[in-house]
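You will see two complexes here that share chain A, one where it goes with chain B and one where it goes with chain C.
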Partner chain A sequence: MIVDVKNLVKRYDKLVALDHLNLFVEEGEIFGLLGPNGSGKTTAINCILSLLKYDKGTIEIFGKPMSQDAYDIKRNIGIIMQNVAVFDELTVYENISYFCSLYIKDKSEVKRLTQEAIEFVSLEDFTKFHPKKLSGGLLRRLNIACGIAHKPKLIILDEPTVAVDPQSRNKILEGIKKLNADGATIIYTSHYMEEVEQLCSRISIIDKGKVLATGTKDELKAMISLGEKITVEAYNLQEEQLDDLSKLTNVSSLEYSDNCLEIKSKKGKNNLIDVLDYLQKNEINFGKIYTQMPTLNDVFLEITGKELRD
Partner chain B sequence: MFFRLYKTRIKCLLKNRETLFWSFGFPILLSIFFYMAFSNLTSEDSIDTIPIAVIQEQNIDPSFMELIESIEITEDKKLFHVRSVSIEMAKKLLNEGIVKGIIDYEEDITLYLKENGIQQSIIKTFVDGYMQKSQTIRNIASLNPEVLSQEFLEEIVQHKDYIQNGTMNQKSPDYTLIYFYSLIAMTCMFGCNWGFREMVDIQADQSAIGARINVAPTNKMKLLISNLLAAFTLHFSSIVLLFAFLNNVLRIKFGDDMGLLLLISFIGSLCGISFGAFVCVAFKINVKAREVILTAISIGGGFLAGMMNVEIKYLIATKAPVVGYINPSSLITDALYSLYYYENNSRVYFNLAILSVLTIFFVIVTYCKIRRREYASI
Partner chain C sequence: MQVFKLYFKLLRSVATSLLLYSVIFVGITVMQTVNRSDDTTGFMQEKIDTAIVNYNEDSPLVQGLIEYLSEYCDFADLGDEEDELQDALFFRQVEYILTIPYGFGEEFIAGLNVGVEKKTVPDAVYATTVDEAINTYLNTARMYLETIPDITEEELVTYVNSDLKVQAQIEIYGKADSNNHSFYMYYTNFAAYIIMSGCLIGVSLIMLSFHNTNIRRRNLVSPITLKSLNIQLMEGNLIFVLGYDLLLIVLGYILNADKTINTNVLMHWLNIIVFSVSALSISYLAAMLVKSKQANEALSVILPLGLSFISGAFVPQFLLGDSVLHFASFAPVYWFVKANDTIASISTLNITNAKPILYYMVIQLGFAVAFFALSMVISKNRMQREY
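Moving on, here comes the complex of A and B:
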């Protein structure tokens, strides 16, 4: 177990930001912490890093209790904060080299690692630039390079793609996969479910400081009562026809508006054939059809009763 | 490792134009400004003997005559050249500009002057001072003669000695100097901005950089000391530069003891930096509010040390001496002042000792506050 968090409670005065939070991260995985804004992701990360005092609970990293001066643990952690944290007065190269030198003693090693980090985030053309002169996406990449230059075993990224253009975002996501392939364990927080879905091997969904569900994507989707969703462009459906449709064996719910019929299936079942059959028999005109497996958003919606995105 | 941290920090600080300007440029600009404002005063740096007339017929207190004739500017240069003349003669001399003032010693002293100027001010300062002291003695004597103890009289007499025999290191008092002392003290206290910045950058709850540094496996004390040392290096250089400028370009005459002068600013700079660090950790409010507090305290301290108005310094010294003892600005100006005016340096050392105690206090509190710290809120 790389990270093991048990019953973590953190209060800001009266606000309970983390409410008996439990997490564990296994070696080699990309673990996603998915939750809406203000759900406590950053708070959890800061507690794990011993930056924040917490009221209750235990935190172990690499099997040892984490604390402010657990230097042997800290040496193997790389952190990319939600807010960009670099010195405006130093160049790209100097920034990376400075943060790397906080971890690595050997001078030539720092030099080599700095160079590697620069290549890793493709900032070769900007080594002499000051952060103020970098675009948002490049700045994020610098922020990442500063966090990972020392080749940590555990990398924690707190929403590294906020306010980043799609091109930089893809680069970042690719980079994270590569770091993982090279052996690092990753903790990734985000409120973008697409990213988490694309990237993470295991996910905890949190809201209001509590873990609501944990599992792989498929496990999470299997937890909910919904199956496939069918959307059909169908014209002039009558009340009784909708009634008939909703009575088909595997239909769990049905909505119709603006000539668009949306049918949700029961868990693990499929309705497409039955629905098309019905439409044909009743000579109803229909256009485009598409089907969709449940997303993490559906999972979130079902667990919390609200959308993940606000 | 330590040296690398130090070097990087210096590089970082050197690029911060704003702090550099305030530390290196601003004091020099101010000194030029002071210099221009005082240049007509400092031209009378070497005061000549002032001719005055004393009305002859009066029943003059002989101790007064003795006093007025004995004050010296230098070893064999008297402050006043006194002529005892008739009142008509005196008026004629004053009108022709041969004497600069007439002293009419009846029951009270009346002073006649024709023009305004440095020499006239000196005469007036002297007469006022004399009247004040003789008045004090007379008042006390008439109210309660017993108070006129031997001790008290000695004190008064000593005071006279002070004027007469020049415990003042035989220098003509140059009041413009106090502004330059204030300037140096202020430059030392600018160190508080440096110290403050270092603490902000190192504390997780005050900056994103602080957070990143706090998750690194670097000993925080090592980091703190290398950073403060970097700040000190640059800040002390700014003071040395100011001295060099004042000494070599503006040719301001400080005391001869350059070593002590540098020691004062060395400790002053340390005190300024540690004070900034102290303010940064001592208050549990957001960074902006802390900055405001820092500015308020350092400007307030400067004000109380007499940077804006010299009178304030004396007011504090008489009414609330404790404030003077815990106000770094005041201690620094006083140390510089004593170095110049008194032959004996004990007062300089006294000020330096208090400054050092304050510095150590600030550093210890700062150390205790940030040692092994987890933050309640980021």
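Moving on, here comes the complex of A and C:
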């Protein structure tokens, strides 16, 4: 096990930021920490990195207790913070080279790794640029390069795609997959469920400092009762008809407005066929139909009663 | 030594500002040195172009007064037309118009309260010399009148003329080294501003970068120890400041025509180094308190200028008010300037007369210790709050 967090408690006066948080990260996986803003993701990361003192619990990384002076552990960790942490006075190359040199003593090795990191984030054309001359996306890529240049075994990314354009976001996500493929274990925190769903092999959903559920995306989706969402463009539905539809097998709830019927059904077979049968038998005109499998947002909604972005 | 190397890379970003400050400093110093070059061995009385309107020509007292004033004035007779006199004054043909009224001599001898009339151009610098001469002559005459009631006008003029011919002899001591002293006093006093600006531009800016929360966190999660990071930063700061001192010392040596290096010059150099340590401590504290680089840039202009001005780095301390100096004494610049002035005022330094200078240097170091301690307390509190 690469990271093992047990019963972590962090309080700010009366506010409990982390409430007996338990996490574990296996070697070689991309572990996602998904939760809304203020759920405790960054606090958890800061505690794991010993940047924050915690009130209770234990943290082990690479099987050893993590502390401020655990330099042998720190040597193998790469961190990409939510906010860009680079020197404005240095060029792209100098920034990456400096942060790499904090981990690697050999000059020629630093040079080689710096070059590799630049190529990895596709900043070859910007090596002599100062950070202020870079766009938001390029700046994020520089931030990542500074965190991964020394080829760490464990990489922690704390919301690295906040305020990043879609093109740069895709590049970042692809890069993370490649880092993982090259052997690095990744901890990825985000409140973007699509990113976590696309990237992570295992996910913990966190809210109010507590882990609500952990598993693969399929395991998480299997935890909830929602089977699928059926949306039908149907015209002039009457109250009785809506009542009949709600009584169909597996229908858990429905909403109808602006000629749009949205049915949430429980897990089960033939849910869509049952709905279409009813519409045909009752000669109800309908247009577009589409179904949607549950998302992590639905998982979060069912567990907490609120949306991820609330 | 990664942090140490980084220090000097970061310093590159402020190199232009530091160079600009140094060039301006050299320029001003050269100009001031040329203006201040003081080879005076004697003194020559300036004479003022003066128009005289004398309505009491027959009086021996008036004649005596005019004769005495001829040492201070170049007299011109422009008549007594008011318009012509005003024009002469306006066009600076004369700077002073002296009018002696009718019966002045007789009325003065009779003990009446009489006076001459004068008109001058605005802000006439030398007019005071003429005023002083007139007052001296007439006050001396009045003193004789009061002491010898039956004195005749002729006797009075003889006595006054004979008294006013007596002049004091002045000898200038310690002349040999005065140029050297004067240059270094001016140079080092002004250097206070440059050293402090340099420290705030260089040291504060670099420290601000390292205090940036995100960069500090990135450094903290790296395998470099906090102790090693701080030591490397301190080494960088000291080398930068001492290098800057060395530059100023070499510049001073080059700019000064007198290449003598005596104990006074060495003390000035030592004072520069001592002061730069306290300037460094101020920069540390500023970097702790200031939130942004923009604020630091503003501070690096205002603080050195303000402190240098009230502490007497630009104008001599004796010209500043007591309350200003009292306020300034809470800053190390004041003690730096005081030490410079004291060094310059001593011809030959020895253990006894060097004591006050060393005392002023110890005070500067005291300030440095206090500012460093305060910075450490703030830093510790901040880290505890964040951790």
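Basically, the second predicted complex is superposed on the first by the 307 of 310 C-alpha atoms of A that agree within 3 Å, B and C clash if a C-alpha of one lies under 4 Å from a C-alpha of the other, contacts with A are read in each partner's own complex, and residues count from 1 in each chain.
In this section, a contact is a pair of C-beta atoms (placed from the backbone, for glycine too) under 8 Å apart; a residue touches a chain by one contact, two chains touch by 3 or more.
Note that this is a predicted model, so its numbers are computed, not measured.
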{"item": "Clash or fit (per the criteria above) of chain B with chain C on chain A", "value": "clash"}
{"item": "Which of chain B and chain C A:E29 touches, first, second, both or neither", "value": "neither"}
{"item": "Touching partner for A:C146 - first (chain B), second (chain C), both, neither", "value": "both"}
{"item": "Contacts of A:E116 with chain B and chain C, given as first, second, both or neither", "value": "neither"}
{"item": "First (chain B), second (chain C), both or neither touched by A:K107", "value": "first"}
{"item": "Identified clashing stretch of chain C versus chain B [42-50, 114-122 or 276-284]", "value": "276-284"}
{"item": "Touching both chain C and chain B, counted on chain A across the two superposed complexes", "value": "49-53, 68-69, 71-72, 74-75, 77, 79, 81, 83-87, 89-90, 94, 98-99, 101-103, 146-147"}
{"item": "Touch list for chain A against partner chain C, complex", "value": "49-53, 68-69, 71-72, 74-75, 77, 79, 81, 83-90, 94, 98-99, 101-103, 146-147"}
{"item": "Complex contacts: residues of chain C adjacent to chain A", "value": "2, 6, 9-10, 12-13, 209, 212-215, 217-225, 386-387"}
{"item": "Touch list for chain A against partner chain B, complex", "value": "12, 46, 49-53, 68-69, 71-72, 74-75, 77, 79, 81, 83-87, 89-90, 94, 98-99, 101-103, 105, 107, 146-147"}
{"item": "Interfacial residue positions of chain B with respect to chain A in the complex", "value": "1, 4-5, 8, 11-16, 204, 207-209, 211-219, 372-378"}
